[in-house]
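Two complexes follow with subunit A in common, the first pairing it with subunit B and the second with subunit C.
The block that comes next holds the complex of A and B.
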């Protein structure tokens, strides 16, 4: 049971990161559906750079870098060359899937799992004092640096989006392009920044997925980028909502893993649980946030 | 006839061609405004006024020409650069973020921040409150824009530009949705700004207003400047002649009321507001007869909007009934109302009345695509639809339009014609029309009035909602006055009925009468509508 509770947050982290990135693009009015691909690309490159340099900082930097690069390129296609953002996003996903498998077979001569034993490990951080609180301590403390970073990022995003001029401008661009333009706000730059941020966060999501496992598997994101989009919509455009939606998905994934190991049911059926729960939430939520979405 | 220097703005040889529909909006136009003047820019719809001003404030790019601000050549490539040069524009179409508050909209783009880079809420609230008070206005700073009336939105737009410390203020048709009291307010603010040395460019179709307010004038026709000069060198007839190039046709005479069958009837109709707490329309009884044009007038926030929306099936009623001829309509869907023959044109055409990004054809088709002959066995017959659209474009003299051009490429007057064409062509028995000539020039107005007369002539009933009393008096056989949700007067239009008398009733000052109002109206002057709620 403890392992179930403690695996909720690590399961949530990649989705939360990607969803925060998606949130910026959603609010800018140019939703990036390429989160899945960006995560996958970042997962591969962070593992590869970790293997080459044995430095986690460089690994994360590489993951973020490649993801942002592709996101900005997608922005260029969509904003400068007027390509449809949905088509571009799908292109990103397909490209990332094929590209990582190709690189994996070129560099490691396998299309399946790439596992490195001697990679540096992400350390787990116990929060002083907090981890000693009975019952609550183990739940609140003892996660990886990226897990804390994700939660911190959600708080930071909430502040940026709802307390700063940048946030007001970004949301204005998404709400009414003409009105924003008329107030002297550049629609082009805000959309490009938002896409770059989606690259940054999806990149962090990819790192959070691959680095703790010290593994890259083709298609390892396994729909998390899409779930992140669901979290963006379910969250009603608010970081708090996105956080709760991601947490629910994390809990569902953790439950699914736990049941696969311990319940006398088909593990394949159990694997569908996170998606089923997400679907149920989507249906329930639909009724009371018609306007928020 | 010349304007005098030094000039705040000189635009020389400005040309603009729209790629999408290959129309020449401006052709080597010259536009000069003396520093510290209130300068009128007039012309027919489609003459290029808005385009010229959009170029000046960075919303459109010119193809040729030169712009000098205070004698210095400038390139204005974005709204931001226009603001940097002290130029701000209040557009005819509102550019407000619907779900931001009044405060957030006013400060959008010029937010006050504290040292952490966060928005300083207290400082912002203080600043906006000061601005509102200085302008002697009552506006709820914390209210969302979506909850405001059109008049209030216009005021927010104006305040927003005033807050930006602009030197040159462009107002595009600012009075079209304002009440007489709000217009007075606006004019006094404009004069105050002139006293402080600002330059104001005032675009209007209402020559009365131009002659009341402005110092100098530029007249555009077909994208070229026809004349400029100080206003005292012109008279109204001359200006309208220069704008149009031919004298205006005579007015249609008023119809005499006839005893005709009742087409639309409301019985004890009540409507609650969006949160279902307060009744905004209270036990309204009214009748519309065939062969007549009736007008509904009232100060904003008195239930005018809610009543017509209920009559056209767009708003839920809380009690009472609506009958079309003898058919009970209450509870039917908007499409049901349309099918039964009640057509509705809302005040906000761009958001509610049309889809500006869709083509002219699609807009015309929007209310009839599901009927024969446009749909056969579930398939839309675009050829048939195209034919209808083409003939309507000809009949309504809609300029600059190919059937496939997006509606947004048309001027305001032509958009209105498209909507009117659509609604009238579906042969309604009752047409409910809000602000029929909102932002239109003389010729377009007359065209629309003619259409409405024709419609009444053919036995239909027309109900117009107008905030422009002259229009109501000119068009309508009967005038309904709504005050605090109740129809407090139903007036036969005769030469003894005055604007002042109606104004009094709109403010709840007059005695509620149903016929033959004969108040002398001396207790209140038109234009000092003190009871107005903002």
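The block that comes next holds the complex of A and C.
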């Protein structure tokens, strides 16, 4: 049971990062469905650079860098060349899927699991006083640096979006493009920034997925980018809502893993749980007509 | 109507994809000469490779048509992958159950049931949209993931062939397999089925009241509502037809090539169908050349992997360039030095979703 509760946050982290990225593009009025592909690319490059340099900082930097690069390229296609962002996003996913497996077979001559035993490990942080609180301590403390970073990032995003001029401008662009333009806010630049930020966060999500496992497998994101997109919509476009939605997904994934280990049932059937629970929340949630689809 | 602009656009997309393919080969291959020859000309070098090229276009024609229907109504059916998966599994299961009956009785029965079940799976999202206003793009996708896992679970436990050595169902009886047109290649008579179904779809979309309502709803839901069209009903119906075509794509591939269902059977038929529909600009007949082009890229990479040192996954990176360029209308305007055109702007996409 303890392992179940303690695995919720690590399962949540990659989705929360990616969802924060999706939040920026969503608020700017774009639907970035390429999150899945951005995460996957970052997962591969972070593992590859960690293997080359044995430095986690460079690994994370590489993951973020490649992810931002592709996100900005997608922005160039959709904003400058008027391509449909939705279709470009599908392209990002397909590209990442093929490119990572191709590189994996070129660089490591395997299309399967790439596992490095001697990679530097992410340190686990025990918060000094908190971890000694009975019962609550082990739940609140002892996670990896990236897990804390994700939660911190969620708080930071809330502040940026609601307390800074940039946040107001960004939300104005998404709310009413023409009004924002007339008020002197550049729709183009805000959307490009939003895409770059979604690349940054999706990149962090990819790192948070691959680095703790020291592993890369083709398609290892396994729908997390899509779930992140759902979390943005489920969370009503608010950082707090996005956090709660990601937490629900983390709990569902942890439950699924825990049941796979302990219940005599088909593991594949258990793997439907995160998607099923997310879908049920989508159905139960009050969907206003404005948000569409 | 095919305009000169459309031809330029298609030529550019094809050129960009092939050009990018050339770059990837030059960077990744140690024997670029062999690889380039195998990739570009390999699929046409003999009857075997050419037959395989046509065979792999068959499911893409059908999933492309499936994507066309839902795109025409401006709904994004992202669950094609799951609908293909369900259709194939159900088809194999029923064919094994009806093993005693002659194929001519079983085919119509199986095709009808598969069409209805895969269609219903897709139409479920239409219902959720109407009843609870759930985002169709997301519900089709989530339902697709769930379907794939459930079908995998069934293949691994209940309906497994223990002698297979991988998670696969038993083979269907040989009498049900479609005739091979160009042995030893995979080309099978399902090609005619795929062609016939796309032509039927073209007629439905162009000549029937339903087709008109779908197109009208896709162009402007508000106008359609004022014209007395039940928009939510049309959306659900277009999803139903879309899912049905996806199911048929799966079972046709089984009857034609594999003869059984196995884990990971549909390797991107659904996603590629979406790209095919986009190249074809939602025109059911243009789906056929678009699917052939997609199949050509796939088979070029496969032949390249066989005869030279490139990996089949290279095809996906090249196909991705198609997604990048296919809707970039301003690109074609730049080339053609004229502005305008009915571009899909990002904001109109979000609001139409």
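In this text, the second predicted complex is superposed on the first by the 285 of 293 C-alpha atoms of A that agree within 3 Å, B and C clash if a C-alpha of one lies under 4 Å from a C-alpha of the other, contacts with A are read in each partner's own complex, and residues count from 1 in each chain.
By our rule, a contact is a pair of C-beta atoms (placed from the backbone, for glycine too) under 8 Å apart; a residue touches a chain by one contact, two chains touch by 3 or more.
None of the values given here were measured: they were computed from a predicted structure.
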| query | So, does A:85 touch the first partner subunit B, the second partner subunit C, both, or neither? | reply | second
| query | Taking the superposition as given, does A:185 touch the first partner, subunit B, the second, subunit C, both, or neither? | reply | first
| request: Determine, under the contact definition given at the top, whether A:159 touches first (subunit B), second (subunit C), both, or neither. | output: first
| In the superposed arrangement, does A:102 touch subunit B (first), subunit C (second), both or neither? | second
| Looking at the overlay, what does A:168 touch: subunit B (first), subunit C (second), both, or neither? | first
| request: Decide which partner touches more residues of subunit A, taking subunit B and subunit C as the two options. | output: C
| query | Contact residues on subunit A for subunit B in the complex? | reply | 159, 163-165, 168-169, 171-172, 175-176, 178-186
| message | Considering only the defined contacts, which subunit B positions touch subunit A in the complex? | response | 59, 78-80, 83, 91, 94-100, 104, 108-109, 111, 113, 117-119, 160
| task | Note which residues of subunit A are touching subunit C in the complex, please. | result | 29-31, 33, 77-88, 90-95, 97-99, 101-102, 105-106, 111, 177, 191, 223, 226, 229-230, 233, 266, 268-269, 271-272, 275-276, 278-279, 282-283, 287-289, 291-293
| note | Within their complex, subunit C touches subunit A through residues 28, 76, 128-129, 132-139, 141-143, 145-146, 149-150, 152-153, 156-157, 268, 271, 274-275, 278, 311, 313-317, 319-331, 343-347, 349-353
